[in-house]
């Protein structure tokens, strides 16, 4: 009555196991519906007992043709679509696209608008990082508590976003040459309040988690990504910095007004999951510093460049690449304009979390199944951006 | 970081026989690119990666662009590489390589052996544009399913007809026309069932 | 005989139902939420609605599963858990069965439940189930050993395997409190060891790896729907409540507390104390669940064999010392020193991996 | 057998409460809706937010997100269903035990939403599985999801076991397993499940021609 589990399709023999006890490897498909794949991502794992011996990421389950749709509509038409790329932080996606178009069209952004962009983008960064840490600890099995704490903080920031832009998640806030609406003095006061309260939340969060022995034992020395591989595989953002790559687009390109703001870029030494966790905590603290300066220094002025006419907006033929340091890494837009110039001829997104997945297999090999999910969590993927 | 003319000159010396050409971007963007022929793209890229003056160790962005046939131009698929240097913190150098649009001839050498970061992006370009990257370690579709035969980002791709009817301002007029002419259009359901039987 | 059985079935099943509600409410409060409060006042009818719903859900058996074993597994999961309660003395006047091998019976019965987990995982013909089943077997088998050895310490001190005699041995002292074994050095260590073991045995966080949701979906009960799933949950919760009851009996003085005694009034007071302690253990479980991450399977097994097992053996030696050193102050000092020495040594030996707080630099 | 409404109210005045089995059954189901832990895209984040501190779906007893379809009662299709994902969504729905429900959360799940023009986007999950509650919005606010859950509770409370409007599970003729589309060369095969979804009459000849070709 008990049927043995022997089916050629499901199992293959481990090479080199002749003469020993007969063992078989187990092929498991983790995803697309799985609690810890952060959406519809799939990992085809081959397991030897609990140890991972091969792993292939499979994506495309959320490929919703963002690029092709953008090539069919006017330049401004894609702005709301960029919100839905990395749906945790729509503001920085807006900025990346606006920056690329401004580069291509040669638009100068007023200073007030640049400060507003910095404020929004850094708020997005702390929102993203706190949620990511929450998700990561959810994968560790911390039963929702850190995640829901992070979401409690997120609600405060989203309230501000809603007050300013009219939408909680999909803000559609930036325009070529500035932002859509100005922040009122009340909004700025709310932002200051959020910024002053955030370190307390962060301290509480860290007190709960950072020193926890289980957390240390689960995270340290897991999923190590060496520095050379990180650079070679185009890894960017907090993940690269955790591996010791001193590279931050905010410091290199000094886009916006980042050249004027005083902040530091934390860098890890080991490049394991714990470093990726802690680098994000440190980055949130630096973002708080940036926000304090930006909220203090923000000058008066127009919130959008008056000479930019968004109606019948055209760009002369040519191509250009603009990039920013999004919370997940280097987010770039490659745009090609041809004759007519009313809409992009080619519109390509360089998604950081898609490219950061390149080394997933290298990091996971030899670890246990339980580690795979936290390694994936530490990469910080959002499927809207991976698959576009 | 030298000007593009200087880079072209140095690269032409280092890789004899390479046909290099400068393609200018919009005046505002100021991102001129280096067009390299298919046979020498690997050598030029390798040179840029290893030469101490450039050290382009970070291949940021790889993508395809489909240029349709125009009056003076037979049309081609262009693969664009954006290179940066993490070691020297400069960039970008933009490399472009062109291949014919026909599926069987649309081949370029893969740069994955130089930069791991190009692996997924080249697979994506293959999936969406049908560019075959020679000596790519694992060239499969990445976004669409394996059974899919088209390359949907090409400009001449025809999407499947699965739109459903939506009320438009012209709906009433159409309805009236149908009634006056006595035509009853087959419902899409019947059509679908027919298609299913086939 | 009928009254104790009825008592066990009604009271402990009720406690099971409301443990789920308390757990959801408590987790909610830990996470800044309210938890269920719409179904009846304070959500008081929530477990009934859940039970009703699960009872009438479709029962799915995968087409290629082993039908008979698939059916049998949840039944086997729940019966031992109920049997466990038969040896838990609830009050001075209420013990379902006073077996003279009570502790032995409890361990024998509780181990049967692992069979159910393995049967469920194997019969489902699902890879996640199989992984969960393998993990469950490894975990329960390894935690059984330190748990039994921790109990051996108590058995040695009392000189009996009967749970009632163990509870009785902890009466007396000031307010019926000071004689609880948890207030002895070996008793305290035994309590900690046994609590950890019980948590692992009943697969509670941070040892919930057989059904680790973020890794293997739902482990061995991935393919179970409706009431069979409810039975698995019931078995798991009942086992953890019963283990909490045995912990209370062995270390926390059982039903003993201020005012407990052999009479009717004392008996009622003793029941009150028992349930208070039981509630404490349950809430402790929930609290840990709401705040701790999960350990990994190899860390879990390493912890069992490298730390808990030597510690529990050292604890048995400590009981021996306690027995032979009749001069109490000396016994206190000697056993405490002995246990602390072992604890320090083992924690040094266990900390071999490079796990340490780190410092970070900033890019220039 | 339903008790006559007049008789019931008359009995209630006398202090006798009649609780038909059906009502108890529906009360149990509606008070304990366990959703499948399954997020597709942007809306999934709002789904998590509605379970988090401020909105707290747990109040309705609906916070038990089960990771396995076997233990779930409700599938919240939260986000864009792509053609690559559609067969898997249908399969997940098939794997859920009856009685089961489906909420299409957000514009994408209803109709493809802003991505409707895409070649890989399914124009609404109701092409393959029956949807009980639609929530518009891109993404809908957490309040909207809570409202949808309450709407679903109302729907469950009004379902019958025997009459015309009975549960799918108690209807011998009703389909409970939905055919899973397969990946085709250009599109999913078939492009829609005619048993569940009947497209409105189309006047666009272009569409018809292309359907014929397919």
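Going in written order, the chains are labelled A, B, C and D, and every chain counts its residues from 1.
The rule we apply is simple: a residue touches a chain if its C-beta (ideal position, glycine included) is under 8 Å from a C-beta of that chain, and two chains touch if they have at least 3 such contacts.
Fair warning: this is a prediction, and the values are worked out from it, not measured in the lab.
*Asks:* Which chain would you call central, comparing Cα centres to the global Cα centre?
*Replies:* When every chain is reduced to its C-alpha mean, the one closest to the whole-protein mean is A.
*Asks:* On a C-alpha centroid basis, what's the spacing between chain A and chain B, in Å?
*Replies:* 24
*Asks:* Compute the distance, rounded to whole Å, between the mean C-alpha positions of chain B and chain C.
*Replies:* About 60 Å, centre to centre.
*Asks:* With chain centres taken as the means of their Cα atoms, state the distance from chain C to chain D in Å.
*Replies:* Between these chains, centre-to-centre, one finds 39 Å.
*Asks:* Name the residues of chain B that each touch 2 or more other chains.
*Replies:* Expected reply: 143-145, 152.
*Asks:* For chain A, what residues touch not just one other chain but two or more?
*Replies:* In chain A, residues 34-35, 60, 63, 65, 68, 148, 152, 387 touch at least two other chains, as defined above.
*Asks:* Quick check: what residues of chain C touch more than one other chain, meaning two or more?
*Replies:* Residues 31-33, 213, 217 of chain C touch two or more partner chains.
*Asks:* State which pairs of chains touch, listing all of them.
*Replies:* Every touching chain pair, ordered by label, is A-B, A-C, A-D, B-D, C-D.
*Asks:* Sort out for me which residues of chain B touch chain A in the complex.
*Replies:* On the chain B side, the touching residues are 24-29, 31, 33, 57-61, 63, 65-66, 80, 82, 86, 89, 92, 94, 115-121, 128, 141-145, 152-153.
*Asks:* Once bound in the complex, which stretches of chain D touch chain C?
*Replies:* Residues 24-25, 27-29, 31-32, 52-53, 56, 58-61, 63-64, 66-68, 70-71, 73, 95, 97-99, 169.
*Asks:* Enumerate the contact residues on chain A facing chain D in the complex.
*Replies:* Its residues touching chain D are 32-35, 39-40, 60-66, 68-69, 72, 80-81, 84, 87-88, 147-148, 151-152, 154-155, 168-170, 383-384, 387.
*Asks:* So in the complex, the part of chain A that touches chain C is made up of which residues?
*Replies:* 1-3, 5, 10, 26-28, 34-36, 47, 49-50, 137-145, 148-149, 152, 208, 211-218, 220-221, 241, 246, 248, 251, 264-270, 274-275, 278-279, 282, 368-371, 373
*Asks:* Which residues of chain C touch chain A in their complex?
*Replies:* So the residues of chain C touching chain A come out as 27, 30-33, 64, 66, 68-69, 122-123, 125, 127-128, 130-131, 134-135, 205-206, 208-209, 212-217, 289-299, 353-358, 360-364.
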